[in-house]
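Labels for the chains are A, B and C, by order of writing; each one numbers its residues from 1.
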Amino acid sequence: MPPRTSDAIVIGGGLVGAAIAWGLRGQGLETVLLDEGDIAFRASRGNFGLVWVQSKGLGAPWYQRWTRGSAGEWPALAADLGARTGLDLALQQPGGAHLCLSEPEFEDRAARMARMQSEAGNHGFDYRMIRAKELREMLPGLGPSVVGASWTPYDGHVGPLALLQALHRAFTEAGGAYIPDARVTGGTAAPNDFRVETAAGAFAAPRIVLAAGLGNADLAPRFGLDAPVRPQRGQILVTERARTILPMPTTTVRQTGEGTIMLGDSMEEVGFDTRQAPPVMAQIAQRAVLSFPWIAELNIVRAWSALRVMAPDGLPIYDQSDRYPGAFIANCHSGVTLAGAHARLLAPMIVQGSLDPVLAPFSAKRFDVPHAA
Amino acid sequence: MFRTRPDARPATVEVLVEGTPVLVPEGASAAVAVLLAGLSAIREMPVTGSPRGPLCLMGVCFDCLAEIDGVPNRQACMVPVAPGMRIARQRGAREARP
Amino acid sequence: MTDFDVAIIGAGPAGMAAAVEARSRGLSVLVVDENAAPGGQVFRAAEAAAQDPAVGPAIAPGLPLVAAFRGSGATYRPATTLWHLDADEGALSLAAHGRAEDVTASRVILATGAQERPVPIPGWTLPGVMTAGAAQILLKTAGVVPSGAVVLAGQGPLVWLLAVQLARAGVASLVLETRTTSLAAALARAGGGVWAGRRLLAKGLALMAGARRRGVRVVTGIRGPRAEGEGRVQRVAWEGGSAPCDTLLLHEGVIPSTHVSRAIGLEHEWDATQACWRPVADAFGGSSHPRIAVAGDGAGIGGWEAAVAAGRLAALDAARRLGALAEDAFAARTATLLAVRAAALSPRGFLDALYAPPAAVLAPADDVIACRCEEVTAGAVRRAARLGATGPNQLKAYLRCGMGPCQGRLCAPTVAALIAEARGLAPGEVAPLRPRAPYKPVTVGMLAGGAETLQQGGK
């Protein structure tokens, strides 16, 4: 059977792939979005939902700028998706706090934020280190262990599952082809001429975008690209719904649009193991109770573990293949925060056929360290 | 719309349902006490506010969530009554209490 | 070194029998059960309800087992929930009275029993609509009965048993039977179970006659039942009829409670005759995980007599695996039990054929609520399936079905059936939701307190 042809193929129906596919479709490209089935390593179903800037890009100011840029694109993205689908993404960007539970944590955080600001140079980086006394006016019922927080105006949060559904729906309703159960089993590459075999048939296009998360590690070499990504497990707890009480998100505690309170999150190097671990869940609960003691009486109604997609330096990877122009790759562990950039900044670059120089530092070539003799 | 059968199981435990004393048999759950008190709805949904009563009484459906002795969102069918127990409707999402 | 040789989840017929048998082989046994007293659902509150003439006759056969269990020397933890099970480590996370506890076991027997099949009909979220099992629980735990106009809608042996029990308690109900399979057709389809079927049939007919004699009114072969009313059920209607109703009791049979077995990732298979998923198990309950056994209705609906045999078989298998029972003794002891179980299971084919649930119960019409917790309609599920949600896990991400407090216990079968229908697949081709811990809600504070215990324990 001849392959189904289109202007672009995006491999990966998670937040990264769906945002890019939606962006490509918005630019008029006939786009096919290939996804796996019901069970997959889906970071996009397991994330925390922050649109988060303040912790991103220490020592890598280009990442800080890219993240800030994405946060800036978010209101337009949410409004567009909301208008097209009727879904409420519950986007709020009131600024956000990173709570510090000890003096050393506070000092470390202050030093980190100062370095971020100095690295930002002329781009600026607004932040405040806030002491507990003032912080108590901003957040209800802080625990006595909280000594202060860093705060930036850029931070916010959104319903990540509503985002996933909205991207899929908007993409499909705009004429995009979302193909589930289409795990890639093979493919061939030539400059601006790509063909992939999947469980759901064959597809061909002059452009291909690899956005398969952890799957990119295996896919990339086929298309003259490199994605040395590894899984990092994160566990999250969610409480029952409560009436709105938290006016802004913090790094590890946020109240969703539905009223549930999400408690995050662990960073575990355990390979492809998505089991839950009660000791880690207990540590998450403990930090939440130290931060907000009143959370202790809330019921946890759900919890899960999922795998982040981590490059060796923790930063995203964006590349176009030198050998096979037209093959692009996008990998990151911040598919929510960066959705604005992926849909509205990255997708147009892919349509034009070249990545903007601002993305040059994200090339996987940064990992090509010459081997010492 | 429910009644005890004193000949089989005398109602000996007094609990308060929405502040009103109700006599229920020992071994009954808080959800049963709500039914004996004549309340059909035990909670209002946090999604649409619609009224709900117990469905399964065996811990599966979670439609009997109630506030028991001041603790919101308890599965009333899994909580045996005790003398003086205070049982109140769960109205929408609970309050978090700093 | 583990805390217990065997941990048993559930103190119903299978769990109690497993505990008694394992103790008699000298194993240390922990039994965890959510309820305050042993018995499971069928013998629920057996000790307290034995003298009640309404339910006493049905409960009497369970009393010796309850007594044997009480005297077995097993560590019995009632009113306790299992909220996480690490099968690889044999680690159980328990919660009771607001406190967390962690224990380990060399072997774990899941005896989680059955739950009633969801009966999503129009209006089933109205207060006053309950399950037939709920009415039995009212009777057994408290001697309480519905008053006013009581209607039983559905099919299955429990409908008739309940009608008789309510009648004995002075409540004359109206039975709306949804059965569409004829007795002859069911007998023909049951094949090998014909003789057992005839025996059961005679018993069933006696039950029905008893119900009618006690004033129970019956309408047979009804279709499209729906609950109607403002703020609560006031009327039940069906194609071509209606009746006033204060309490509507629904029943379309029972299905295995597979919440935990699915959460820990056991292999499951679709049981086409019972229209439900069940964990894959060998003759002794051994599951796809080397540490875990499943026994009783949680491993496939068979009734309490089969469950007792299955519980004992799983316990003997545990004893053999743990070196407490030689192979030849194991073979001798299990032979009788396997025969007992086979005999107990022989009428199932007939019952399953006779009481096959209507298609509209498995996959209801678009305007019916499928997920009660998040108030999601069947139509919304079908639309999401057509958009590309190929299974309940992706659908949960789209629509929140399974994210409410019940975690999909009630909606999972319906959602899977709706997805299958929308995508043109057979029911068994869409696997049900994979639940995660906590299996039942635990407070953040309890979990946080557990962190200290664990840290201290580690030092």
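Basically, contacts are C-beta pairs under 8 Å (C-beta built on N, C-alpha and C of every residue); 3 or more make two chains touch, one makes a residue touch a chain.
All of these numbers come straight from a predicted model, not from anything done at the bench.
*Asks:* Using the touch rule from the top, work out which pair, B-C or A-B, shares more C-beta pairs.
*Replies:* If we tally the contacting C-beta pairs, B-C comes out ahead.
*Asks:* Find the most central chain, measuring centrality by the gap between its CA centroid and the centroid of all protein CA atoms shown.
*Replies:* Chain C is the most central one.
*Asks:* Report, in whole Å, the distance between the mean C-alpha point of chain A and the mean C-alpha point of chain C.
*Replies:* That pair's centroid distance is 40 Å.
*Asks:* Determine the centre-to-centre distance between chain B and chain C, using the mean Cα coordinates as centres, and give it in whole Å.
*Replies:* Chain centroid spacing, chain B to chain C, equals 23 Å.
*Asks:* When the C-alpha atoms of chain A and chain B are each averaged to a single point, how far apart are the two points in Å?
*Replies:* 43
*Asks:* Touching two or more other chains, which residues of chain B qualify?
*Replies:* 73 - these are the residues of chain B that touch more than one other chain.
*Asks:* Residues of chain C touching 2+ other chains?
*Replies:* Residues 404-405, 441.
*Asks:* Mind pulling the residue numbers of chain A that touch at least two other chains?
*Replies:* 240, 295, 297-299, in rising order.
*Asks:* Would you mind writing out the residues of chain B in touch with chain C in their complex?
*Replies:* So the residues of chain B touching chain C come out as 1-5, 8-9, 24-29, 32, 35-36, 40-42, 45, 47-48, 50-63, 65, 73, 77-78, 80.
*Asks:* Write out the stretch or stretches of chain C touching chain A in their complex.
*Replies:* It comes out as residues 84, 86, 88, 91, 93, 102, 384, 387-394, 397-400, 403-405, 407, 430-431, 434, 436-438, 441-445, 447-448, 450-452, 454.
*Asks:* Contact residues on chain C for chain B in the complex?
*Replies:* Answer in residue numbers: 34-37, 41, 45, 48, 51-54, 79, 115-116, 125-131, 133-134, 137-138, 141-148, 169-170, 231-232, 246-247, 257, 372-375, 404-406, 409-410, 440-441.
*Asks:* Can you check the complex and tell me which residues of chain A touch chain B?
*Replies:* Listed in rising order, the residues of chain A that touch chain B are 140-141, 240-243, 245, 259, 261, 292, 294-295, 297-299.
*Asks:* Would you pull the chain A residues touching chain C in the complex into a rising list?
*Replies:* So the residues of chain A in touch with chain C come to 13, 35, 37-39, 44-45, 161, 164-165, 168-169, 172, 178-181, 237, 239-240, 258, 263, 275-279, 281-283, 285-286, 288-289, 295-305.
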